[in-house]
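Sharing a structure with you now.
Order of writing sets the labels: A, B, C and D. Residues in every chain begin at 1.
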Amino acid sequence: MEKIKVTVWNEFRHEKSNEAIKAIYPEGMHKAIGKGIAADDLEIRYATLDEPDHGLTDEVINSTDVMIWWGHCAHGEVRDDIVAKVHKRVLEGMGLIVLHSGHFSKIFKAVTGCTCSLKWREAGERERLWNIAPYHPITQGIGEYFEVPHEEMYGERFDIPKDSEIIFISHFEGGNVFRSGVTLERGYGKIFYFQPGHESYPSYYQKEVLQVIGNAVRWAKPVFFREMSAPMTPALDEIRSENTGPFTGIIQNVDGSAK
Amino acid sequence: MEKIKVTVWNEFRHEKSNEAIKAIYPEGMHKAIGKGIAADDLEIRYATLDEPDHGLTDEVINSTDVMIWWGHCAHGEVRDDIVAKVHKRVLEGMGLIVLHSGHFSKIFKAVTGCTCSLKWREAGERERLWNIAPYHPITQGIGEYFEVPHEEMYGERFDIPKDSEIIFISHFEGGNVFRSGVTLERGYGKIFYFQPGHESYPSYYQKEVLQVIGNAVRWAKPVFFREMSAPMTPALDEIRSENTGPFTGIIQNVDGSAK
Amino acid sequence: MEKIKVTVWNEFRHEKSNEAIKAIYPEGMHKAIGKGIAADDLEIRYATLDEPDHGLTDEVINSTDVMIWWGHCAHGEVRDDIVAKVHKRVLEGMGLIVLHSGHFSKIFKAVTGCTCSLKWREAGERERLWNIAPYHPITQGIGEYFEVPHEEMYGERFDIPKDSEIIFISHFEGGNVFRSGVTLERGYGKIFYFQPGHESYPSYYQKEVLQVIGNAVRWAKPVFFREMSAPMTPALDEIRSENTGPFTGIIQNVDGSAK
Amino acid sequence: MEKIKVTVWNEFRHEKSNEAIKAIYPEGMHKAIGKGIAADDLEIRYATLDEPDHGLTDEVINSTDVMIWWGHCAHGEVRDDIVAKVHKRVLEGMGLIVLHSGHFSKIFKAVTGCTCSLKWREAGERERLWNIAPYHPITQGIGEYFEVPHEEMYGERFDIPKDSEIIFISHFEGGNVFRSGVTLERGYGKIFYFQPGHESYPSYYQKEVLQVIGNAVRWAKPVFFREMSAPMTPALDEIRSENTGPFTGIIQNVDGSAK
């Protein structure tokens, strides 16, 4: 069996600069996620912002089947040329799992074309994620709902494309709702956005959160990688209305007057 | 009655460099389009690539209700910062009508997040546009189909988002099909892509083509302009699970071990 | 100005059999709704289950532009032939506004093809409806959210088609979420489902609820009425592969063997 | 490996009443399809209109994973109670493949809620099916397009729901276009409509047509079977605004007057 090549990308700043967050994720959130979803069918690598090329060299990008993306305070520091390469790889088939504050990452904005704006609140409140798509591969093993005991609130209106298929809708204790799990397809690539994972809560140790991310990786596995181009294509059928003198006759056909 | 402020943007290069094309559109395609859709409820302005700021100063962008976009050979010369401003204006409510080879413009790629690739062929063949949405404002006045006598072929697979609502599907004489009229909504803005309009054919003098573009302008008129932000939002309901010491207790809740 | 012809259909049983409900809606919910949305551009009529033909004679159906439907305990008593006529009228262009427990009406099941099942609870809890589509005609005059102080809970998973465009998502005090306002289009008709309106609460006297219903009536106004048929259509282009002896040659083309 | 239980349902009238059609499908189209897709992972059964219960007893329906449906001249003879059982089974998870003239079957109308009307023409013309979804399981093994040498023309406007995902768009020699392969999901069931298969042409012996149907069977295989109900659900969170006397207080909250 060919393993799915997963690259977990993390901004990896909060975990170094803030003692409380370091206490939760001593090796960084990427390692918590990677270890949490580890399985025989996955080959997991890591990449972080402060490595050369953010750890996303051409070789890494072009050998990744599914990329997981966590970013927050340093979206602006991610190089545009690298985002463009990741975007191109998604369109050619790579899966992309965007987590939590990654809603405002350059890559998520690029694939959605939207502002991806939303409401937010840090109050450690309970999030209850209702399973809207029990038949979907991403929700297998998840019941009617599950709860994250303490999360940052993300609330509607979430500005995303209308073809976002809803997998979860969240009920926040403080009174908000949110489409907290949505899928998209762009080019040949599958995309999943998943809300849980604020850096100050241990959501990436929670069984259900990891189950959903692991399911999403397998769902987003590429069918193939294929570059999309815009080829000149010969006619399959005879074109009888073609003009040797292309302009004169045509103009006459339309406005009736001679040139 | 407040008029709809329309800005017709054109690359305006073919019409200057190629005598045959100049003969068809002596003032440029933008003027043919603008004059062709002129009506009492529209205030029409023009902007072209080679003007300072491509004719798209902040003042022009921010006073435009609906922008029409034609580009082809010089997509790469359009400045990224201006594309970003047009994109932002679309997300805040501005309508956008993208014509023909504009499928590969920076602005259409930005709002779709896709490659927007397709097949093509210049053979002056007949295009028959079937009306898939007779109830839609964009097709009012159009019957079951109409024909453009000579057009460039654009063929599937057209790589666009799945929420593209299909308005027209074209039958090309040479054997191809194409989703030749599709709508999208991004942010608060309405977008329409329309296939006809190769520079070497007089499609922008054709009654039905102009009818569709004029209808689309009125359909894409903004409901409002509103900036989207991501505001911190106070809780509406009491949060009883909030933690004063945010980390310790939470970690214990999840993995069961004391820190 | 031509008025929009609105027919408010109500089961009208609870208001006769239950004193407490009669106290809230002494003339029936249909009258509360009709009076609540009354305006110069609307011509409002009423029809109820226990009238002959449920008040929905051919003449009434065929002169209605937008029908509002409230039913609950007697869905099974609505005649199939009348549902079929209403369904046909929707497909030809009539707007349909389905309220609250109408999610299980024969007409809503018929236009959706789904079970339309959901969770429910009668606990007089607060419903907060978040406005997901601020640009939509149905939400004009409504802010970011509004609250119904006491409603029956309807909760996900709501089994509706995936092309249901989300207008509202509700947050229920007891912990559930619900897509409480969704639009659909079927044939040439526009459909809006709206959750508030349990018979034991006075929701149809609430300003915002009435505003939404009134907006929906105007949004659902038909563009035209047109019967859809499946016509035999002559070829527009020459068919050169046509066979006079239709079978022999064709089979040979496919399996290569002579008959 | 558990086999997928496929039931191929056929009206099976043309093949008995018309000698020319009998010559093409001597055992009926159902047998041609069943033999054409036969494989180790499929357990294939047959059912036809003129058997008792149309061959669709409760036992057959309730042990079918994916049903294939071909009907044409006798849609009206299919019993409503049996259609209702098949519909229920689809909503609970069964896959449904509707072929050709099945677009007007009771079951396809029931799951779509639409008229499913279209244009048609019997002229033995060439159909070229363009592959719009190369990443989709249904198109694996199919290239950019394939041709059926002689088919009945089905043309737009095809009245189907907007969430129909387009798999194929056809180009007909006589000048029409058609969304000839579309998927839908209703309840927990997956549905595929596929255009080729007029009784007077041997399309169900063609390799590509059989490949698509076989792929569709595997794609439509149920994830699970689950009955959907509308359960009363206890509150998960405390409801503080609940009223012991349910009406009085509520009415006062809304219209401000005492009862």
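Just so it is clear, a residue touches a chain if its C-beta (ideal position, glycine included) is under 8 Å from a C-beta of that chain, and two chains touch if they have at least 3 such contacts.
Computed from a predicted structure; not experimentally measured.
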item	value
Target chain C, source chain A, minimum contact steps	1
Chain labels contacting chain C and also chain D	A, B
Chain A and chain B: spacing of chain centres that average the CA atoms, whole Å	24
Chain centre separation in whole Å, for chain D relative to chain B (CA means)	35
Whole-Å gap between the CA centroids of chain B and chain C	32
Residue list for chain D, restricted to those that touch at least two other chains	128, 134, 155, 162, 173, 175-176, 185, 236-237
Parts of chain D lying in touch with chain C, wherever the complex brings them together	20, 23-24, 87, 91, 104, 110-115, 117-121, 123-126, 149-150, 153, 155, 159, 161-163, 173-176, 184-187, 200-203, 205-206, 228-243, 246-247, 250-251, 253-255, 259
Chain B residues touching chain C - in the complex, by the definition given at the top	93, 128, 134-135, 140, 173, 185, 188, 223-224, 226, 236-237
Partner chain A, residues of chain C touching it in the complex	128, 130-132, 134, 144, 155-157, 162, 165, 169-172, 175-177, 179
